[in-house]
Amino acid sequence: MGEWFTENGLLLGLAALDGLAYAALVFMVAVGLNLVFGVLRIVNVAHGSLFAIGAYTAASVGLLFAAWGLPPAAGFAALLLGTALVGGVLGPVIERGVLRRVYGQEEVLQLLVTFALFMILEDVQKLVWGVQPVSQDAPMKVLGTVEVPFGDDTIPFTVYQLFVLPGVALFTLLGLAWFLRRTLTGRVIVAVTTDKEAAMAMGIDAARVTLLTFTFGAALAALGGALASPTTSLVPGIGASTIVLSFAVVATAGLGQIEGAALTSLLIGLGRSAAVYFEPELEVVVPYLIMVAVLLVRPQGLFGVVEARRV
Amino acid sequence: MSRRAEALLALGGIAALVFTAWAAPWLRFVLTVALAKGLAVLGILLLLRAGQVSFGHAMFLALGAYTVAFAAPAVPETLVLLPAAALLAGGAGLLIGLFVVRYRDIFFGMLNLALSMVFYSVLEKFYAVTKGTDGIRMPNLSVAGVEPGSEAQGWIMFSLALGLALLCAVGVRAYLGSPMGQALAGIKTRETRLEFLGVPARRVLLFAYVLSAMMGGIAGALIAMTSRHVTPQLAYWTSSGELIFIGILGGAGSALGPFLGAVAFELVRVYAAAAVADAWQMILGGVLLAVILFAPGGLVGILSRRRRQA
Amino acid sequence: MTAPLLSARGLRLAFGGVKAADGIDLDVMPGEFLAIIGPNGAGKTTFINMTTGYLRPQAGTIEYEGRPILGLAPRAIVRRGIGRSFQLPQLFTEHTVLENAALAIAARAGIWSPLAALLRPGYRREAMALLARFGLVGVAEARANALNEGARKLADIAMAAALEPRLLLMDEPTSGVAASEKMGVVETLVRVLREAGVTAVFVEHDMEVVARFADRVAVWSQGRIVTLGPPAAVLADPAVRREVIGIEPAHA
C-alpha cells in the first residue's frame, strides 16, 4: 500500500490539484442550480446553457479587448462583464418571460419548459459564435505559472487554475453562506426555500424573491462559464455536458445545501480527476457512478434536507 | 377523446402514413424512425400516468439498439433480433426497476438519469468493445431468411414499425383502462389509498416500468435496423429529454399522442434542419414552448378540443 | 365469553417528548360499534395508525382474530380484513366516484388483470350497488375532487367497505359534513355496516352521534384510555364532560 503511494504520489498530487480546479468550476455551476431549485422548485435544464453563454461572452469580450489593444489583464474585466451581461440580462428575461408563466403547473411541464429553453439557447450559441472552437486564454496566460514541488520534481501549474479558480469558488461559498445567513435578503430567500406559503403569508413578496434568486443563479452559472473560458476552447455542447454533470452534483449533494454542494463538487471533481490520471476510460462515468451509489443508499443526497419521497 | 374519435384518428393516421411513405419515398426512413420513437414514448406515457418522469429512458432505447448491433454479425435475422432486443431491454427494466420503483418524483427521475449516463459513459469510453462515438455499423439483415433489396427493406422496416406501433398502442390502451392501469394512475393521486386497498403500488409501477423498458428496447432495435448505425448518442440525456418532449408534444391523454408527437417532431426536425442547419433545435424548442404555454394537452388535446367544438 | 375481534395490549409510542400512546389496552368485540372520543392530540388517530400498520408502536401487541398483526405492512393488514377510512378523505382525485369504487372492488377481487377494462359490467354493477347503499349514485360520474365534504367522506368509507372488511376503523367519519346532513349520513352508514355485520371503531367529536349509535365509548386522554363503557354512563361522567366535551360543571 505504501509502495503504491510512493510510486504514484506524483500522479495523485497532480490529480488532486487538477481535481481542485475542476471542482471549483463544477461548484460554481452546481450552487446556482441548487439555489434556483430551492426557491423555484424547478430543475433548470437551461442552467448549463447560461454557463456556456457566459463562457462564450467572456471570451468574445476578451478577444474584443485584445483587438482594441487593451492589456491582457483587461481579460479579467472581460470575465466579469460576461457574467454581468448574461446573468443580468438573460436571467430576468427567462424568469419573467417564460418561467413565470408556468409556475404552479405540473412539474413535468416546468421541466420541459427549461428543456425547451436549453434547446433554443444551444442553437443561439451556434448562431452567434459558430461551430468552430473559440478560445481566449489571456487571463490565464497573464498570471503565469508556478512550480509546484512534488518530491524531487517540480511541475508547472498555472496560477489561474491553482489559485484563482479555487479562490473564487471558496469566496463564493463563504460569501453565499454569509449572505444567506446574515443578510435580510438572504434570510428571506432561505425562508421562501423552506416554506414558500408560510413566507408569503408573512408578507414576503415571492415574485421579487424568485426573480432575484433566478438572476443570481444565472449570474453564478455565467460566472462559472466565464471562469472556465480561459482554460479550454469553447465548442457547442459544453452546455449540455455541464448541466448533466451539475445534476449529478446537486442530486448527490442533496437539494438545498450549499456547503453540501461544495463538498460534493470536491468529491466528484477529485474522483473524476483521479480517473483521468489512473483509469482514463472511467473519466466520464465516475460522477454518475458516485451519483447512483449515493442515491441508492440516501435518495435525499449526502447532505439533503428535503425528505425524499421513498415509498 | 371518445373511442370513436380515437379509432378514426388512428385509422386516418395510418392511412396518411402509408400514403406518405408511398408517395414520398424519401420520407419513408423518417416516418419509420418516428414510429419507432413513438413506441419508446409510449413507455414514457405509462410512467407519466403514474406521475413519474424518467430522465433516463433513452438507456432502454440504446440497449435495444446495441443488442441488435452486437448480435447482428452472428445472427443477422430481423425476426430474431427484434424479440431479443425486447427481452433484453425488458430484463434490464426488471433489474433496474426493482431499485428504481422505490423512489418518487425528482428522485425517480434523477436515479434514472444517473443510470442512463453511466450507460452512456460506458458506451462512449470503452472503445475496444463499443467503438465509442464512432458507433457500430450494422451488416445487412435478412427477414425470415430472405435478404431483401434496399427498396423492399425500406418498406419492410416501415411496415414492421407501423405494425408494432399499432399493436403496442392497442395493448397500452387496453392496459390503461384495466384495473392495473387505473391503479397506476392512482399512484399519481393517492398512493397511500392504494396501499390501504391492499394493492402493492411498487409492483404495479414495476410492471409498467418493465413494459416501458421493453417498448424502448423494441424502438431502439427498429432504429438500429433502419438507420444501420448505432452511436452512444442514443443513450445521452438529451435523447431522454427528446422522448419526454415528444410525449408532451403529442399529449399524454391518449395512446395516439406519442405517435402524433413523434411524427410531428421528426418532420419538423427534418425540414427545419434542411432549411436552417443550425437552428432546427431552436425551432423545435420554440414549438415545445408554444405547446406548453398555450396547449398543454399537446396535439391530442388540440384535436379533441376541435372535435368537441365541431 | 366471545373472543375479542381486535385486542391491543400495552401499546406505547412517543414522538420526541409527546406520548401518543402510553399503555393502551383495548378489546373490540365482534359486531360492536365502538366510539373513540377525546381531545385533539390525545392519540386517537395514532391508535388507528398503529392498528392498520401505518405506524409501529415502540411497545405492546395487537392481535386480530387471535393472531398478532404487529409489524405487518398496511397492505397485509388490509388483506386480513381490517378496513380504514381517513380524516382527510383519500380518494383518487382524478378519477370519478364510480371509478374509485370500482378500483376498490378490483383491489379486493384481484388487481392483476392488465387487459380487461376496470369498468367491466360485473365491476360496474357492483360499484353502482355499493354507491347506492351509501346514497352516492347521484354523484357517481363526478370527479372525486369535485364533491362536497360529506360526499367525499362517504365515498372514502364506501371504498373501505368495498373491501368487505370484518373490522372497519373510521377516523372522524362525520367531520366536515354539514350539520343538516350529518344524522342522515350516519344513519346510512350504521345501517349499511350493521347489515353487513361489520364491526366498527370510529373516532368521533359529535357527542350526539356517539350517544345515538355507539354501543360502547372509549375516552382517550394523553395517550391513555381513561374511561370505557356504554355511552349513557360515559357521557354523563363529569370528568369526561369537562375534559373532552368541554362543559364546565355548573357552579353553585
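By written order: A, B and C. Residues from 1 in each chain.
Just so we're on the same page, a contact is a pair of C-beta atoms (placed from the backbone, for glycine too) under 8 Å apart; a residue touches a chain by one contact, two chains touch by 3 or more.
The shown structure was predicted, so the numbers you read here are calculated from the model rather than taken from an experiment.
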Co-neighbours of subunit B and subunit A - touch as defined: none
Most distant chain from subunit A, judged by the mean position of its C-alpha atoms: C
Inter-centroid spacing, subunit B versus subunit A (mean Cα positions, whole Å): 32
CA centroid of subunit B to CA centroid of subunit C, Å: 45
Rounded Å distance, subunit A centre to subunit C centre (Cα mean): 52
Of all residues in subunit A, the ones touching two or more other chains: none
Residues within subunit B bordering two or more other chains: none
Subunit B to subunit C touching residues, read off their complex: 171, 174-175, 177-183, 185-186, 188-190, 192-200, 204, 207
Touching residues on subunit B, where the partner in the complex is subunit A: 48, 53, 99, 102-107, 110-111, 113-115, 117-118, 120-122, 124-126, 191, 201-202, 236-238, 241, 244-245, 248, 278-282, 284-286, 288-289, 292-293, 296
Residue ranges of subunit A in contact with subunit B within the complex: 43, 45, 98, 101-102, 105-109, 111-113, 115-120, 122-124, 126-127, 131, 240, 244, 247-248, 251, 255, 280-285, 288-289, 291-292, 295-296, 299-300, 308-311
Of all residues in subunit C, those that touch subunit B in their complex: 52, 73-75, 78-79, 84, 90-95, 99, 102-104, 106-108, 111-119, 159-160, 163
